[in-house]
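First up is the structure itself, then whatever we jot down about it.
Labels run A, B, C and D following the written order; every chain starts at residue 1.
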Amino acid sequence: MKDTAVLLIDCPDRKGLVARVSGLLYERGANILHADQHIDHEQGLFFMRVEWELNGVPSGEAGFDLDGFKAAFTPLAAELGMRWRLSASARRPRVALFCSQYLHCIADLLYRWRTGELACEIPLILSNHHEVAELAAFYGVDFEHTPVTAETRAAAEQRQLDLLAGHGIELVVLARYMQILSPAFVSHYPAAIINVHHSFLPAFTGARPYHAAHERGVKLIGATSHYVTAELDDGPIIEQDVARISHRDQVEDLVARGRDLERMVLSRAVRWHLDRRILCYGNKTVVFD
Amino acid sequence: MKDTAVLLIDCPDRKGLVARVSGLLYERGANILHADQHIDHEQGLFFMRVEWELNGVPSGEAGFDLDGFKAAFTPLAAELGMRWRLSASARRPRVALFCSQYLHCIADLLYRWRTGELACEIPLILSNHHEVAELAAFYGVDFEHTPVTAETRAAAEQRQLDLLAGHGIELVVLARYMQILSPAFVSHYPAAIINVHHSFLPAFTGARPYHAAHERGVKLIGATSHYVTAELDDGPIIEQDVARISHRDQVEDLVARGRDLERMVLSRAVRWHLDRRILCYGNKTVVFD
Amino acid sequence: MKDTAVLLIDCPDRKGLVARVSGLLYERGANILHADQHIDHEQGLFFMRVEWELNGVPSGEAGFDLDGFKAAFTPLAAELGMRWRLSASARRPRVALFCSQYLHCIADLLYRWRTGELACEIPLILSNHHEVAELAAFYGVDFEHTPVTAETRAAAEQRQLDLLAGHGIELVVLARYMQILSPAFVSHYPAAIINVHHSFLPAFTGARPYHAAHERGVKLIGATSHYVTAELDDGPIIEQDVARISHRDQVEDLVARGRDLERMVLSRAVRWHLDRRILCYGNKTVVFD
Amino acid sequence: MKDTAVLLIDCPDRKGLVARVSGLLYERGANILHADQHIDHEQGLFFMRVEWELNGVPSGEAGFDLDGFKAAFTPLAAELGMRWRLSASARRPRVALFCSQYLHCIADLLYRWRTGELACEIPLILSNHHEVAELAAFYGVDFEHTPVTAETRAAAEQRQLDLLAGHGIELVVLARYMQILSPAFVSHYPAAIINVHHSFLPAFTGARPYHAAHERGVKLIGATSHYVTAELDDGPIIEQDVARISHRDQVEDLVARGRDLERMVLSRAVRWHLDRRILCYGNKTVVFD
């Protein structure tokens, strides 16, 4: 397991930002593993991700003093107008998975989690269907059935929020959940709900995108993972991918091909989020590679 | 140069279509090089492309009697309710290129034409700008300047139609022409005007799609070639392709990356059209490979 | 479930092959769903795949007489020098999966099988490791531990062959099995053992291809599924795919990215084999789409 | 035109490298536009590219003092064991293009140069064939015919070297030149000769790679741009790309598809080189994006 710290920064651009941040890290003895910056000149914004070792490489050397760094960095960040997040990679975020009766995405995420690709805890699965029960049992994750109807939505969402709070959830992943979350629900998890939409957004928003793609006669189909905001299918895009189709493919072929795309773009988005590679700004993302 | 015949067929699906067409070809001694069928079960439609040699392979053998085949096939096609086109690949369609001040697509098409990738004649280039003049001269193609304003559109289109008619044009290629053709103009060339749109349709129709893509924060940009119909950016799609971008790419980077996509999808569409590989039906295409 | 018949043919090319086959099908009342041909002009070979319905569409109508067709087709095929296979899609081939301690490919295949993407029976899993036991139990598949050492290879392979024979296995899938099968073993399953190699063959044959790719500094990594022949990593290629990497990716990143490629190219190969879409000739494949 | 400076650095990794470089830039008032680092932990190497404005953004402000920075940076770089290159983007490198009778790559490069995609001077074209003469004249570039035979190779190379020296050439681009340069020739332009090879290296090195690919039955073909070293097709890879093919594609189809790949990977490599984005180390490249 990695024993590193990651610092994510965004702030108005100005001279000397890299120098001041890297200068402080150098002063405090950090061994930097990765550092990446991005400047949006149009909007005058600066973004930075830096990752460094917490324990000295030669065993016996004292580890990096993360609390001390934080204490020193806080006033600097305030002076420079920075929004920032500092986290130790050893701390694994707590994630809940939501799904419907379609299990390909959740099965893929659970498998990747089990094999160590996703550095998180997954204590909770919620679904308005029962199909996922067997899979949840196999992976030893609590499964709660949370049925939703138009009439019971508010109460169902409250129960979901209570379950999330009770399990200390920090990230919600909608693995083909198929229900629309209310703005009130979404407001509890800003930039912390990841959805996969089965089209190349912004084409084919809403329901039945594979049918719409077939109807329009496109030559590529796509899938999109994005953060959920109050507006449907309009949140910051994290990842997209496409697959070539032909006139031979019927809707059911598109659905089958699309499953592989959905798995890929959703699992990448979750991994990048867990690796603290994503910064949101406006309605876009910076994804550090 | 290929000396073959190509027969394109579409009709309601029924039993025995392949048998009857291939039986007639066999009876008349055709040596089939490629044969491909497609059945749209949803709509009950049958599509076929078959290509055969016109001259006997052993020299000295008499060639295939194309007129005789045509005479024999016509009543069969009528009986089976077929729409069909029969053409000799040696006959090179006459193509006109339209462009604006952006020359990357037209330069690419002219280069491919010169080197033999596009089996056609290109006797005419039309543009509402002057930038293409030098290129037209280099390739020895007539260039006519056809300025268009909102007030003169009708007259300008009439002049364009006259020029096309005068040159015996069978296919119009809009190589980033940037002007919208009127439905009246389009009606003269059904399924015979190919346009390239600089987005992954149906996302980002209309003007400035790269700006819209940048604004939305997509992770892939695309380009689409399609037949032009009366409705803007809504005709049958022939080909699409995409390229990956990142948060580092500004609008001008998207424009530059997009130029390569546009060249590729437009040149493929033109080549496939010239090779008689495309059948339109409803608002879609069958592209035989 | 599809109730169709598939006929696969390869033979020396000559005039009238399509006409004679489609004529016989028409005569016997077949409703053709898909028909595809390929002619290799260089080698003078003809390939055909045709699929048709077995039961009449209007219920009550008598189904297609497959035995009768077979009786009529056999002499025609003999006359035309055809190799051919005729099969009903309702008959699900019996498949054995071999694996090592790396489970990503076998987990993917089992999941696709469970959800209906792979039309086969999977009665048997063999591994020289124990890690797959839990997965085999979850999916209800017999698991046999077949350890192999240099000294015991012959005996181990004999035991494997006995197990395969005992379960009536028709297709062996090496889902990252990591052991080299002897030519004697391979000779029992001609064009019926599918392997995945974790490189873009013919680059990086043999062991540790991701290390070799990293060492060479390639900008794309690949994976290849192929039929196993007596010569290592040299059998007919069924499918390949690649993913972009950069200087930032270390060997472990290549391994992780490669897992997704391996899953995709192996599962596609198995699906196409089960759908009777693949014909081998020489050291190549025709894959009908 | 961009008015920036680019500094490229590689050196043994140690703490504080980013801090010291960015600190010096900050101290001297640089407005950083892009900064990117890469650390190869395996080999303990550090790589950095930083680009900053030379003229103050508010007009009237004095520009950045590049000579003064250079004087201050030189001792720091020496202390830290850095290899480095500092260049002003306004200075356009002088490039020679070599070609054979196949003109698709050189035609593409000349077009991109004319339209401003390639920030360089192209004063010279060399070819052992005459086909390029017309193109050279159109673009106003000197063309020298330099025939080569096995017997005259040494003299021909000497004449080429003299022509390059006479034109002050800093980068040689082999745009499908098809002749092998001697190690002696190559030694004059270390990491300054870019070649395109028409395969996915290291597969299919040497002559006729499309024939070899067809023979092997691969499902994707590729192209590779790389720096030329003394060993054929073995230099540091800059860029690779692939295209899907099928059993339908004959060698001539591979050649045609490959032309588009070759154009893309070669033009990207040249652009990245001119933008000072590439660092070579060992037999690999770091390509900053």
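The rule we apply is simple: contacts are C-beta pairs under 8 Å (C-beta built on N, C-alpha and C of every residue); 3 or more make two chains touch, one makes a residue touch a chain.
Keep in mind that what you see is a predicted model, and the values were worked out from it rather than measured.
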Most widely separated chain from chain B, with each centre as the mean of CA atoms: A
A-B or B-C - the one linked by more C-beta pairs in contact: A-B
Mean-CA-position distance for chain B and chain A (Å): 42
Centre-to-centre distance between chain C and chain B (centres being mean Cα positions), rounded to whole Å: 37
Multi-chain contact residues (two or more partners), chain C: 41, 246, 248, 289
Partner chain A, residues of chain C touching it in the complex: 103-104, 107, 111, 115, 117, 138, 246, 248, 256, 260, 264, 289
Chain D-touching residues of chain C, taken from the complex the two chains share: 38, 40-42, 200-204, 216-220, 222, 236-242, 246-248, 250, 282-287, 289
Footprint of chain A on chain D - complex, ascending: 15-16, 18-20, 22-23, 25-27, 29-37, 39, 41, 244
